[in-house]
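Next come two complexes, and both contain chain A; in the first it sits with chain B, in the second with chain C.
Coming up: the complex of A and B.
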């Protein structure tokens, strides 16, 4: 390996760590609901809600933290609605998840037109923060989130009961616990974590860009499969997908390929890894 | 005390459709500069002229055809979420075939060939997901979505590159020759021959589902896979087959849009039609005949939201919000109700379960609910 390709690899690797952060938040959040027995296909929409409402709150207040609060509140509300309709009204979670994705993509464009007068990029002026400091903060947050979710899922009563709900809800009922409460809590956690991921994505370009999530919610879902539902392995899968993303970003700059083809690449990589990674465990 | 009542399919549809209409009215009252004209535009304008009425019916055509495709897959418990990509790719294949053949062969041959190309492309795309499910147990829902998302971007790339009309500033293919386009039924609207074709298709599917062996076996695969296996039904073949037919119908919907109202493929061609078809199939509640009213309902909402976009400047994404609202509630199987006047001992309360529907979470739903 010559010197030049070494620097390129290093650059790709360096870009992959921050790129994995939004995926990490969404995938580990989705893991909570997956372990409680519900495959949450709305991660994509919840990330989108976090990006839009977070940036809207940041634009109004001029504060990154207030933006985060906005993102968490909006996605928490969305996840709560989805959870209530699914658990109380007993609707099908795939369909309500699909509906949530559809609702977010429609609602964000609708509100963007209504509030900001444009369906295109909305720049959000924020107090200055250097690129390095931002990267350091989000990497630290991601590390904390990995530790925290692994500890909660495997080391607390709440986490054990949540996983028990996924394995055998009837046993939970027999023990006097309401499985639906754990499922609703898991959905709320997945919603808020995904929203944080989407908000970080938008913060990293200091703007709300329509369709900024562009499939990352689905990729996060596949990371849960690929990580065989273990927190650390899920985190590793996210890093793998982020590597694919930063490599395709790099190729886009160098190879002169159509950016649209490069945008399609993460979906295909995800599909291939899903095909390779499944097989051991059959679903449905 | 929280209790709930079970919903019949009819009540479910009424709940979903009613919520969509209520939400539409609320949003228009809040967001439109002048609520009353906006409400009139939304609800009545689609019926006000031959042009508007014909356009609304034309809007129902792809929803009927693709809706049947989604429904068939649903009935065999396969979820085809790749409609967007299948419609787009089918349309593109049909358009390219039509452009290649229009000067070489008779128009009828070129039309039939491009329809076949569209259907084949859709079928190929969807059967990949069916094959992956049958062979490796990969969720067809996720694989069809991922594949479709990639296909949409690749089709966009083709339209900005090799397939782009050099004479146009827009990202679109060349126009098909007039001779290839389906005859119009209600000028000046774009309603064309595809509408009766879609009606026939619904009738034929309904007939086959009720009388043919394939329709019967497919329904068994959908209701009880283990039993189907026990009966010797080739379950894997049905997985691939229904996905392929579902994809072919999406491809057909795309091809008929090219040969009908548009005459070409432009960037972003599918424009949510695939997602709308899913809403249509859900609203039809498993009935082939139900596809017709469901497609007309969504076509009406779409036509109405187009009218308020023109008339009152309400963004066209309005329709996606209404669709989502209907979708949220269309699988609701029980409705919680508040009852204060009757005290029931907490231990005796059961959360009524959905009897036939698979539970939302895929788990047994008949466990007694523990009330706080």
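Coming up: the complex of A and C.
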């Protein structure tokens, strides 16, 4: 291996960690919902909502933390509406999830035009923060989130009952617990975590870019399955997808390979892992 | 003082207006075992669901330990010390045994974080105190039927239940496991009041102190067990003045011509385990081969392979004298699969699935279309549906099988017993078929319906069909089979003629894998 390819490899590895953070938030959030027995297909839309409303709040207040609060509030509200419609009115979660995805993409474009007068990139001037410091903060947040979700899901009464809801909702009711309470909580967690992921994605470029999520919510869903619904394995799957993403960024410039193929790399890795992952599960 | 007193309980099921419970009165003495018996649909489950807070009565009142109560949820009933053990276990499969037992009282540190050490210790203490042998750290999904039942019992006791409702607790157990459960119940008696819902008269006589008989939503008798005979109880349950408890003798015609022999059938299971291995048997005309196993020991896989839902890894089949099929040997999994498919589609192998709703019925279609399904083409002439002919043969079948239904009624409206009778009647449409594959034919049916189904199975055998009966019900296997085969962990542990030497007790030992026959 020559020097140059060594540096590229190192750069890819270094970039993969921060790139995995948005995925991590969404996937582990989605894991709560999945374990409670409801596959939340709205992760993509919730990430988009987090990115847009987070940056809008940051733009108004000029504060990153206030932006985060805005992202969490907006996505929390969206997830709550989705949960209420699904659980109270007994609507199909796939339909409500699909509706949320579509609504977010329409609403953000509309509000972007209304509030900022453009459907394109909105730059958000924020107090200066070095790239290293930003990376350190989000990596620490991600590490905390991994530990926290693993502990909550497997080591607390709330987590055990949430998982029990997914395993056997009838038994939950018969034992005097309300499965819907756990499912609504799980949806709220998945919504807010995804929004945090989307907001971090936008913060890393200090701007709201339309369609910035570009499929990461769906990839997060795949990570849940690839990680066989175990928190640490899900986190590892996110890192794998992030590696593919950063590889595609760095290798576009390298000669001999079609840049289009390189751009498609994260999605190809997702597809392959899905095929291999299901194959492995069937053998299991 | 009575532990439970239910007065004038009425529960109306709309829209049909069926009175599931019609002014029912029930008194259960403190600390005794009180059996509730009756046929399916007699209202015993409804009454118990009301007592457990899972259903609300339209009328009537309940007193628990002398205090009037009204429950709107299972949690309400649990607060009064009432706990129900369900027929379909309410177990969280992926949680550990300890987490399941202490689900309602998980010991914890601050912030709801679970105290693992205490959890394991408390669960182990409880398991020991009641004389069970469960591993608290094991995932619940690895437990067998009786393990799951013990787990559920412990969970109720951990929740400080003083009044236990057990819904058909022995229906899935072997003789030995039932005896063990009864020993536990006897141990609990005195401290705990136990309501035992069952349709097994033997169970009542063996363990209960008092018995209440229900029929068509009403209580027809409440008696101490010491003053009642088995025949009398059977009469009360069925509502007939004279009733013979049937004791059917196996046919035992001896060796007759084999139509299908299967050799060395193997099916892949989870991971490295094999679901079935080295299964060989032969089906003969005019004979019932009963295959018995506990859940999870390969019966479901055998059904799936023979019905074509799953491919075997290895298999050889030898055919003889089946109409439209050349005699000879078929080898290899693909050919075997194709053979079974051909047998099915050419009406030589008729199949009664164990999951009678998912595999055996179109619940939203009328009885008529469900009935003619296997031979639909017979009722179409030049592409036109021969409604009159279909109606006529459905009508005939309904009459000759004594099915309470109308050809144009939706199938879903039928009772389990009638649905199963219809499914069986349909198999008889394929009148020239060689083989009948019957899976759990009477699961969940009451005495009367079971009896009717059994009669028909014997009739089919006597008409010269080869019957393969897959059942987890030991009594059914012993009553009907000419030959018996027992599976344990996917292997044959016993095979032989049902000549009366095989007792329930011995069969139970084979089923549990405590013993295996040398010949196998």
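By our rule, the second predicted complex is superposed on the first by the 266 of 284 C-alpha atoms of A that agree within 3 Å, B and C clash if a C-alpha of one lies under 4 Å from a C-alpha of the other, contacts with A are read in each partner's own complex, and residues count from 1 in each chain.
The criterion applied here is as follows: a residue touches a chain if its C-beta (ideal position, glycine included) is under 8 Å from a C-beta of that chain, and two chains touch if they have at least 3 such contacts.
Predicted model only: the values in this text are computed from it and were never measured.
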Task: Tell me which partner A:15 touches in the superposition: chain B (first), chain C (second), both or neither.
output: neither
- prompt: Which partner does A:69 contact after superposing on A: first (chain B), second (chain C), both, neither?
  reply: neither
Message: I'd like to know which partner A:156 touches here: chain B for first, chain C for second, both or neither.
response: second
Message: Just to be sure I read the superposition right, which of the two partners does A:100 touch: chain B = first, chain C = second, or both, or neither?
response: first
- request: Please work out whether A:139 is in contact with chain B alone, chain C alone, both, or neither, and reply first, second, both or neither.
  value: neither
Field: First (chain B), second (chain C), both or neither touched by A:251
entry: neither
Message: A:170 in the overlay: touching chain B, chain C, both, or neither? Say first, second, both or neither.
response: both
- prompt: Residues of chain A touched: more by chain B or chain C?
  reply: B
Statement: So the chain A residues that chain B and chain C both touch are 170, 173, 176-177, 284
Message: Using the touch definition from the top, list the residues of chain C that touch chain A in their complex.
response: 54, 73-76, 78, 84, 86, 90-95, 99, 103-104, 106, 108, 111-114, 116, 270-271
Message: List the residues on chain A that touch chain C in their complex, please.
response: 151, 155-158, 160-161, 163-164, 167-168, 170-171, 173-177, 284
Task: Could you please specify the touching residues of chain A with respect to chain B in the complex?
output: 37-38, 41, 81-82, 85-96, 98-100, 102-103, 105-107, 109-110, 113-114, 119, 169-170, 173, 176-180, 183, 215, 218, 221-222, 258, 260-261, 263-265, 267-268, 270-271, 274-275, 278-279, 281-284
Query: Residues of chain B touching chain A in their complex?
result: 4, 31, 79, 81, 132-133, 136-139, 141-143, 145-147, 149-151, 153-154, 156-157, 160-161, 275, 278, 282, 315, 317-321, 323-325, 327-336, 353-354, 357-365, 367-370, 372
